[in-house]
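Look at the two complexes coming up: subunit A is in both, with subunit B in one and subunit C in the other.
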Partner chain A sequence: MEHSGLIPTQLRRYRDRGAPDLHLQFGNRQLAQLVSVVLVAVVMTPVAFIIIRAIGAGQEGIEYLLQARNLRIVGNSIALMVTVTFLASLIGVPFAWLTSRSDLPGQRIWLVLGLLAMVIPSYLTAVTFTDAFGPKGALQQLLEPIGVDRLPNIKGFVGACLTLTFVTFPYVLLPVRAALLYSDRSLEEAGHSLGLNRWQVFAKITLPQLQPALAAGMLMVALYCLADFGAVAVMRFNAFTRAIFLQTESFRMDKASVLALVLVAMTVLILMLRSRVQHRGRHYRIGTGANRQLQTVQLGKWRLPAMLFCGTVVFVGVFIPLLVLLDWLSGRTLTNPIHVSMTELLRNTVGVSTISALTVAVAALPLALLALRASSRIDRWLVNLAYTGNVLPSIVIALALVFFASQNLLSLYQTLPLLIIGYSIRYLPFSIGATHSAFAQINPRYEEAARSLGLSARAALLRITLPLARGGILAGLALVFLNVMKELPTTLILRPIGFRTFATRIWSAYDEAFLSSIALPGFVLILVSGLVLIVILRHNDSLH
Partner chain B sequence: MEFSLQTEHLTKLFDGDLPAVRDVTLRVQPGEILTILGPSGGGKTTTLRLIAGFERPTGGSIKIGDSVVADANHFVPPEKRKVGMVFQDYALFPHINVEENIAFGIRDQKREGEKQVKRMLDLVGMEADANRMPHELSGGQQQRVALARALAPNPDILLLDEPFSNLDTGLRAQVRNDVRDILLETETTAIFVTHDQQEALSLSDEIAVIFDGRLVQVATPHLIYNRPVNSQVAHFIGEANFLPGEAFGLTASSSLGAVKLFHPKSGPVQLMIRPEAIFVGHQEIGNRASIVWREFYGHYQRLGLELDDGSELIARTGVDRFFQRGDNVWISLQMPALAFDQSGDSTAS
Partner chain C sequence: MMLYKRYLTLFVLTFVLVSVFAIPALTDESDALTIYSGRNESLIGPILAQFTEDTGIAVEVLYGGTSAVANQILTEGDNSPADVFIAQDGGALGALAAADLLSELPEATLDRVIDPAFVSPDGVWVGLSGRARVLVYGPETLEAMALELPGSILDFTGEEWRGVVGWAPANASFVSNVTAMRILLGDEETSQWLGDMIANDVQSYPKNTPIVQAVIDGEIAVGLVNHYYLFRFLAEDPDITAALHFFLDGDPGALINMAGAAILKTSDQPDRALMLVDYLLSDDAQEYFASTTFEYPLVETVEPAVDVPSLDEIESPDIDLSDLDDLQGTLELIEESGALD
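Up next, the complex of A and B:
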């Protein structure tokens, strides 16, 4: 449920002349620091709480963790992560190549459809897959004429892998495609001129250039798998997030905390790997080579298989969910007799998403300014700590907040503010990243020019920097909105009683097997997600 | 007001690898065009940014007109310095049009302000493009808008950071002349930064040469070219021949025989001889030499010469005489040579 991969982190960036002087800080630096300290304190509360609880569990906690079924949870999560990462790469890399370097017809459409698979919430994809690939589902009906009258149940490992693969392959597709598009073509030409044939050029020149992008994409997929709740919960596959959810539901705080801590540790490990990969990746980027037309490969007799490949991927990832929803909408299945008005769902979902996105955008502002001009070690630490949300799967934040509030802040327990705090902690890094990169793309000379033309630091921020960064900040806002709207575990755990959103409605309808009640919220969710995706893609395109 | 700008022992040190400025003392008179010249990474731009107020000096002081804008106790922020700046990449605000860019620094936004914008548009010849956006302009046009924007609030000093380096070679000379004319017309005190010696020599009233953050020489273009204070400056500006010799007061002995000197020196020296100071002819005057190569440029020609003892010289002459490779010629010096002692110093000893 994270889309930070959509916002490219390595955009054109003005290299400032090193440490600027204090007087050129945007606005009031002390104020930014003060606000940042408060924000970081809020962000850090859940982790701190979990660590305290997990340590509090002590020997008991370790024994609990070493129980066979909990070790199996670790094994399950790792198996899921490895399998999905492998499968997603298997789909993502050829898809990236076909939509960037070949003469495949309709590249742009394939790409947009491929990305749409990413914005469909994993629980929705999972729910529709259980139907389509179920023992008596659409696939079975298709195979009935050839004598298949029952398919094996896909719930469990197979179903979770299938769902997550089709939800996550765009995370491989995006960076690999970008690397293919912006790789230095003259290097390939040099290879040809030195006597290498097409395959040798691909293997010896193109592939090594792709390696950092591929590694970054694979690690994104791995992170997603660890943090995802929707797919594993629907498929009843006992991975970390589901186990934590079950412990949280029955209010076994210490056990949930121990599991959460292990999950966080694994996440940190993968993030560390990713930052190493990204660091190494810089050495591969030389020259620009972006302006020249890249040579497209004629597919020839491979065109049909290529179309078939892309078609299948898009069909499974996007059209199966849509078709199943359509089927449910026609009313073949049961409707929840308790009527919940769509207006209420829409109002709740859009309302809470808007408030959260705005909260996060405002909170990100001082931190992004500090990040941009981080001149002291304290500044850098504040910014790094504010990124804590990246390490914490939603379910971990939610469980920490619900326990924390129930014990220490009963007035916040099961209130909307707590729900919004939960979303904000998780998605603050998205907004900081988007705002920071929006600021970083602004030529620092603009601000200096404004100063030399008589504007104070604050006036320069208001009249030059903010207007120029507006597009990037809004794209970040849209990204947070999209994610909050789809967010399932946080909403399930932190929502006030009786507060329903599209996500919770879909979840409870699935739980109670009122599949028809899923259809409409599902459609609206996909529609709004698609619109937001277009907004974000537009913004990214305009950057080049 | 004696000087438009005075810096005393201006120093700026960085933690990182940014170019430092060390103990720079400069004086610029009203209406003067001063160029800070030096190799890339030598601290030129840092000097300019210190004057503009974008950097805080580590030591020394800056005085603009009669007011101290930076010393150990004061620091006037850039917006209060009345210093205009033209950036290397122009830094026109991309979200507002040409007119609004020029009006940006004008405090009086009413009638008088509008008039000033019109005046500036007229001055730089951009009246027709007032409503266009920066990205629609060519490099030369952006340059002129940047100049108009910086001049619009009537700054006491105008700073220009490598303003011509982003222009095509063909356009550069034209824009340079335009800018010079505008500066003369508005009687603006201007400080340029450049690493292009041609630009510095042709544009400036005075040149300040900076190497490695240190001010090496401040003088008119004429003196910088003909009397560089040390061999580093001589190498950096223009083409020069260097011949070893032995100085005795105002003469020195060398491969060219006895050579007159500008300044008295003694002991072993390097003689600097500009290529155009060598007279090349067919009459038997001076020293014998042979022509090793020849480059013809239309309005002058360059000749590679070899003396009998094997030393090589480059000469630059008019095109009234015809030479070709292999010719035996006679060469003599038309003006005294500058002698650098072993520490590279050219001043009298």
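Up next, the complex of A and C:
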């Protein structure tokens, strides 16, 4: 509690005893708890369902899992995750360093371009990569003069790695760059003065300091790889999500549930591993130090290679997808004879994303309040459970909901509310996190002042706290919006009959090789995502 | 400041209203005929739209793979919202017939189709269009690789075909082709063939169209597809260099199959469902299948629109379409072979 020194003694004692806080002491607490219990119940439904189905599969389920083919799925997913996490760090860390510490020209432009790679949906990147790097693709045409007749097919492990690396490296870039900007540079100066050269300083001082940020980024990448469906589906790499999708699509509930349970267990395992690693060592500064501007590192003769590096990364991750889409727009392939207006797609996509983002934002409010003022074990458990979405890849949520609804909840089967519930469970943690940290940054004295001037607790919450937290809440909202808009497996499985979004339109066009019909929805999707990214970035301190 | 509170209340209220009522109302037309289609939207969508235009009956169509959609209906059981099932192969229809989910069609409807091979023996499903399994090949690629067209699809396990054959293992037409192989050769040999094909680095695609595209692009030399896909490409660009090869002597690769339709027992509007099935067997619709999707029309009054051997001329294996109903068995065989991995 960074503000606790400013709170009158009596109140502080109150807080020290873990007594209910101002917001929640006048009946609001019970309300927040009650609502949270309901929300957590909804959030937990898919897991519960999967566990019940998987256990129900019993002996047969275990036999199915132990078939060599299915064990290979585990190996495939792990191999993909490890390789991509490594490669994404290999790109993300230097990219972060170059755009924060060096005198690389056009730092901000490189940064924004690099981050754009993150908003291009993985399935779109994958589809364009298969075209550009295919046996007879653009790359082969380029190499034809030097006698390359055909290239090996990149579908499978190579293609999935390539795609996911370029989609996920920004998840390393962002936290590492923030850490580079705010870490204690006097240590590096000390290193220099003790005779280390630049590389040694980086390896021995900077890198260890970056470890928590790097670990956080790598964790994001690892979880992304496990949960991603688009890239592995397009590249036909048999990772968990693709295998689960195949079973779900054919409505083979037990097999899908068994696979899903293993996937969730793996995700939980990785998160546990993270929390063990994270609690080791000390990376913060002890003294306040002076956060002064350190001179940027002169790249000198390294400037050209540095620009080449950033240029290649941005070219592959952002411009190749865009260029391939542009090529398709010119229509050298079959077009989908079914015409769907852009307006319909835009209305559906933006409509459902907005409603989902709002739903999630509102649902996150009581949970964020509980998180902030958690004073009992129950509160803490509720908040922790609400984060379940973090360990549930969308495909798992979708499969649970579609089976659950088709058997037990027919009135929601194939309806929009079920689709929105699916999105909400997955992305609720994003919103709780954003709202929580927005609340945490508000000096409680404002609210205390409002209370002392006669406002009720609820009025103080609505008129003081919420308006102050608006920025953070909106940023969370935008993040959820962005993710829902790109979301593929949930939309494919849970959408009402005839409901089309950009994602489903792109998917069906890919399915039937109507590449020209991918182009326009692809462009619009990237454009809207890019705009939302800007909104999020404006709120993100690490970019100032 | 009270403004803010009022604004918030208003905003919460609006979005609750919107999410609960407005949007579902936009997409949900409760009296629409619900169609589960295993045929691609690009093939069947236009004629369904025409049906709505001509009859005023709105349709809601769920598109998916034929086997997947059949499984979905089996899972939904009595709860299925589907009125009509449109399949792209006889096997899936047979599987639903075997599960006693299909209602009987009237004689008048069944009689529209001349060849009894395309009508369910129990009268619960009817063929809409015929198609032949063929090989699509790129003459230039074959020449560059010094390959010759094989006599049988069983030959593709040879070393010379490594990595240059394409198939769509999840596609229903392929699935029933495998079912036919099981009947002709037995499970063991079929399984062996699947395994050998995979060992020979056969290239997998999601559907038939991407296979033809890949042959045109020179990515692969040959692909196992239905006959009509190539004509869709030729219609857009006559200069494409790819051609069809029909296998001879009753080879399993020359299976003739059909797309068909059935009405679900659970349908709450069987009369309108029948209107749709009859519509799809009308001369106009059959003309559409002949000239737009380039399939074989199944009624007496309409002729194929493209230059292909007639169904009688194709030396297809001697198999009853209604015998292709062990869908699950084949799906499991394909899955176990690792073809989907």
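FYI, the second predicted complex is superposed on the first by the 489 of 544 C-alpha atoms of A that agree within 3 Å, B and C clash if a C-alpha of one lies under 4 Å from a C-alpha of the other, contacts with A are read in each partner's own complex, and residues count from 1 in each chain.
Following the convention adopted for this analysis, a residue touches a chain if its C-beta (ideal position, glycine included) is under 8 Å from a C-beta of that chain, and two chains touch if they have at least 3 such contacts.
Since we're looking at a predicted model, the values are computed, not measured.
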item	value
Touched partner set for A:P417, first subunit B, second subunit C, both or neither	second
Partner chain(s) touched by A:P467 [first = subunit B, second = subunit C, both, neither]	both
Subunit A: partner with more touched residues, subunit B or subunit C	C
Touched partner set for A:P135, first subunit B, second subunit C, both or neither	second
Contacts of A:A449 with subunit B and subunit C, given as first, second, both or neither	first
Partner chain(s) touched by A:Q211 [first = subunit B, second = subunit C, both, neither]	neither
Which superposed partner A:S102 touches (first subunit B, second subunit C, both, neither)	neither
Subunit B versus subunit C as contact partner of A:T83, first or second or both or neither	neither
Intersection of subunit A interface sets (partners subunit B, subunit C)	467
List of subunit C residues in touch with subunit A within their complex	1, 4-5, 8, 12, 15, 18-20, 23-24, 27-28, 34, 40-42, 45-46, 60-65, 67-68, 71-72, 74-76, 79, 81, 163, 170, 203-204, 206-207, 209-210, 212-213, 217-219, 232-233, 236, 331, 336, 338, 340-341
Contact set on subunit B toward subunit A in their complex	14-18, 49, 52-56, 75, 77-81, 83-85, 87, 89, 91, 93-95, 104-105, 107, 149-150, 153
Parts of subunit A lying in touch with subunit B, wherever the complex brings them together	17-24, 443, 445-446, 448-457, 464, 467-468
Subunit A residues touching subunit C - in the complex, by the definition given at the top	69, 72, 134-136, 150, 153, 155, 236, 238, 243, 246, 249-253, 333-338, 351-352, 355, 358-359, 362, 406-407, 410, 413-417, 420, 459, 462-463, 466-467, 496-499, 508, 510-515
